[in-house]
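Input: one structure, supplied below.
Letters A, B and C mark the chains in the order given here, with residues in each chain numbered from 1 onward.
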Amino acid sequence: MTAADQTPGASLWRDAWRRLSRNRLAVASGVAFILVTLLCVVGPFVTSYTANHADLKSSYQPPSTNHWFGTDHLGRDLFVRTLSGGRISLAVGILATAVSLVIGVAWGSIAGYFGGRLDSVMMRFVDILYSLPFVIMVILLMVWFERNFLLLFAAIGLVEWLTMARIVRGQVVSLKNTEFVEAARALGYSRLRIIFRHLLPNVIGPVIIYATLTVPAVMLLEAVLSFLGLGVQAPMSSWGLLINEGAEKIDVYPWLLAFPAVFFSLTLFSLNFIGDGLRDALDPKSSKD
Amino acid sequence: MPLLEVDNLKTWFHTRDGVVRAVDGISFTLEKGQILGIVGESGSGKSVTVHSLMGLVPSPPGRLESGTAQFDGSDLLQSAQRELRTLRGKRIAMIFQDPMTSLNPYLRISEQLIEPLVIHEDASREAAMPRAIEMLEKVGIHDAAERVHSYPHEFSGGMRQRVMIAMALITNPEILIADEPTTALDVTVQAQILRLLKELQTDLGVSVIFITHDLGVVAEIADNIAVMFRGKIVEQGSVLSIFENPKHPYTKGLLACRPRLDSTFTILPTVADYLEIIETGDGETELLEKEPDLVQPEPEKKVVGENEESLLEVRDLSVHFPVHKSLWRGASESVKAVDGISFKIYKGHTLGLVGESGCGKTTTGRAILKLVEPTAGEIRFDRDYLQHLPPEAMLPYRKRMQIIFQDPYASLNARLTLEQTITEPMHVHGLAHSHAERRDRAVALLEEVGLEAAFLRRYPHEFSGGQRQRLCVARALALEPEFIVCDEAVSAMDVSVQAQVLNLLKELQSRRGLTYIFISHDLSVVKFMADTMAVMRAGKIVEHGESEAIYANPRDEYTQQLIEAIPRDSVESIRQRVG
Amino acid sequence: MGRYVVKRLLQAIPVLLVIATLTFFMVRLAPGGPFDEEKKVPKEIKERIEKHYGLDQPLWKQYLSYMGNLVQGDLGPSFKYAGWTVAELIGSSAPVSLMLGLLAMLIALSIGLPAGLIAALYKNSPVDYFAMSGAMIGICLPTFVMGPLLILGFSSGMGWFAPLGWYTWSDMVLPSLTLGLYYAAYVARLTRGGMLEVLSQDFIRTARAKGASERRVMLKHALKGGLLPVVAFIGPAFAGIISGSFIIETIFFIPGLGRFFVTSALNRDYTMVLGTVLFYALLIIVMNIIVDLVQAWLNPRTRLE
């Protein structure tokens, strides 16, 4: 054995990582996203203001050395509010996506693998839920159950899992009939082993891609709910809430909208570009060349 | 004056992982009215050659490094896309390998047929349509006037290829480039298409460049041959001289390694017997000729003992697939993939199952292993009947019966290392007691199939098709089975790799006493591998018996057709054809 | 084809009934009733009002009577807007939302399709990056940011359009544009993706080998297949536009159905909520049928019959 043979093989993940790291846009987006997240987590500890410290005498101040992002109508420091709002928005985005991921992957892989009647019933259920006007159902939920924060991201997660389930099912069905799965059956592997060791690792690619694209969709949904007054409630704040407050005063105090909007959009952009980059990295036959 | 003269063509691909010299300095000529066959295996550069001539090489990675291609006074390789477009489809036409994907599924055949006329002759649809219909009839499609308005998916593979030919010849081009046109077709359909091409060629006087990996096909159709290997032409000349008196070791190896109906080899010679390939670091390869050791070992005489019971017996096996009409009602019709077949196989023997696509041979193999549920009939393995066993009860038999699939790319889980792939079955069936013991067994298996132990840590996509198939063999052997179904196990391979894998399978059989069912559409391969043979058609067995006997004296008409359709590539038949 | 449509519509009926049932019970599960927040109404009067609307009956009786009315096409009276039936309210406001949606979709298609096609044609060129970045911006700017921005720019700023209302044609510009640009972004990305996918297939190579110009390859060969993902998107998207239109309607003060929905949800106006949900569900189903038909027209392989 020569020295070259000692090196472990290049798994597909490693190849994908290499491709991803050459995608400058995706890398830049990744860096941006990490920076924003770090800032939101750590930032509020750094400044001397707290998010809810109202100081009516300093209301509606433009950005200055005292208040880097200015203040809002209650004299609260916008910098701190933006960052702590970011914590909430990011948390909602990630947690709701996690909920939809777990439910969607489980549902889709069971329906896809077992096929037959079970598959038909499970996917018919998904189809019916799909016909429900979603945003409307979420609004209903939020209205009815008195704007519970936990319920918020459960509700959003419940909305997003449907597409995840469809994607996973589609992948599982197409993989189910490939020869390496048949080989696994011929070798006597149990169904559980086939699902977890052979099918799911090959399905994870599209799942990750879709998950990175779901997070921004969730954050947008939260922002829409805030618009209606159904999202996050004071004393907490989210980017959606801040943007809505700022949008009302856009012609007079533009910084109230600008800073949260920039953070929000930057995060959405980065996540979308990362998702695109992942898609290109994991499927080399896609649109780049 | 030759019609086309190519000189020192070099097309290289500049990828992130280095430069791939797909075509590395080739020269050839095409005379008027001639058929030039370009033969080579995958990676030889034969397709890239013709794509370069047509200007169809994707240009960021591919680049024309040098070369000229003189056609009618101008150099194709120096022409701009605009000029090439006036030639393509009008004076130089091309047909491709897979007619299903090469025809536009969203447009009707009529639209696609008249298109060359619309583009190049500015013809109106009314004027072009009768010519399209006429062309369709010429390529042998009946009821052309009605069928011309169909969509591609309404035609069979052979018919679609005929449509492609019609589309290419409708403008009466001077050169027709055919890139592996019959590779995706059944052998009887291939024979029809080859016949059609020959007729049209004499009829219209078009010159043809015919690309294929199949030496038999060029023997039937070509006047001259160029043999390509790794981007270079290693030998060219008239078809007779190449077959009668090959000079380059690669050509010799390629000619020798094909299983043939009239040969009685026990081990196939391989290209590696004639040629050693040395990679000298700078991308160049050096070829060293070797003296092949052509001594054939004594063929094993396989006898059946006095009262010996067959290891596997199948009786009246049927597999029907329901066609679902709707969600609510049950199945209303069924497809009879396998329709009542019976055979038996003795220990250590090989049964060959031959037939064209859709005949049910693959389904039979799967049904025996219960990967597909049989609808009726008996499957007896050793002393037990398998047909009614539920999946859980099949577990002990999985150790004794295994399968190797056709596509070595799809039959391996890309996320597992070779070690994981081979040791997982051992782990599941409890065949070894420790991780180290499993590893040792894996090493032994790899070496047995001709792979290096160091490969254990690598992943399937790092290997070639032939190596992956060897891995599949190793995986199948991991459970120490007695019986293996080889389902078109060599059909997706180049002929030189195929010879190696076939030799390996035979060697394993004799060393381990394995029993095989060898499924293939290729009669010559089956003759090499199988002791007894069954010919299948539409789910039934039409002829069954000892291979030698069937080949010598086929009784069923379909068997005769199959044998007839095999391209004739003996020196005598070539001499007869070219006169 | 007619039979297919009828068959699908018939299949939709059980779905609608299921949705009606689900929504009915969900709506009732919530705490509070439609007449709770009224200014201090004496208890007896409140009970009389509730009796008038049948709200004192046991729940299952209310359900049956609602369903009974439903299958006869009667959506009931609105609890909040006395004197109006749900059907009348929907009838007066739905056309506004539909109009808004239609205009937005037209804008989305007329900007998005060409943008995506051009981006695909000049892949990886500056035009491509420009178009796709623009699309990305469209996706990431929510409508309630875009709306005020546009008002700021074109209404208060340039004074071209009134910021509110839905009376004249010029009123319709900004709201449709706000909604339309957002969807244009998705259309552009999907078109580009779909076209690139098709362009990498074998039959495109055949077309080029026949001497077809790039324009011919794009328009005659690639377009049908390339549009499939866009078509698949448009159906649910149109229905989504309608259901999401309440944001726009709120920002621009448009009397559309979306606003009714939100207010009736907040007011616990049961019948109105149910009516709107059913309307939207029906709309989604109809859009799905249309989408399937268009897809079958584009792709001959999916034609079931």
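For this structure, a couple of remarks:
Criterion: contacts are C-beta pairs under 8 Å (C-beta built on N, C-alpha and C of every residue); 3 or more make two chains touch, one makes a residue touch a chain.
Everything numeric in this text was worked out from a predicted model, so none of it was measured.
Taking the mean of C-alpha positions as each chain's centre, the chain lying farthest from the centre of chain B is C. Across the two interfaces under comparison, A-C and A-B, the one joined by more C-beta contacts turns out to be A-C. Centre-to-centre spacing of chain B and chain C amounts to 51 Å, using the average Cα coordinate of each chain. Separating the centre of chain A from that of chain C, both taken as means of CA atoms, is a distance of 23 Å. Annotation: 46 Å between the Cα-based centres of chain A and chain B. Of all residues in chain A, those touching 2 or more other chains are 289, listed in ascending order. Taken in their complex, chain C has these residues touching chain A: 15, 18-19, 22-23, 26-27, 29-31, 123-124, 136-137, 139-142, 144-145, 147-149, 152, 156, 192-193, 196-197, 200, 236, 239-240, 243-244, 246-247, 250, 261-262, 265-266, 273, 276-277, 280-281, 284-285, 288. The touching residues of chain A, counted against chain C in their complex, run 128, 130-137, 139-141, 143-146, 216, 220, 223-224, 227-228, 243-244, 247-248, 250-251, 257, 261, 264-265, 268-269, 272-273, 285-289.
Every residue of chain C that touches chain B in the complex is listed here, in rising order: 201-203, 205-213, 216, 220-221, 224-225, 298-301. Across the interface of their complex, chain C is touched by residues 54, 56, 85-90, 93-94, 96, 98, 101-107, 115-116, 119-120, 151, 153, 164, 167 of chain B. Looking at the complex, you find that chain B touches chain A at residues 16, 58, 60-61, 327, 366, 369, 371, 394-395, 398-399, 402-403, 405-407, 410-415, 417-418, 424-425, 428-429, 452-454, 457-459, 461-462, 472, 475, 479.
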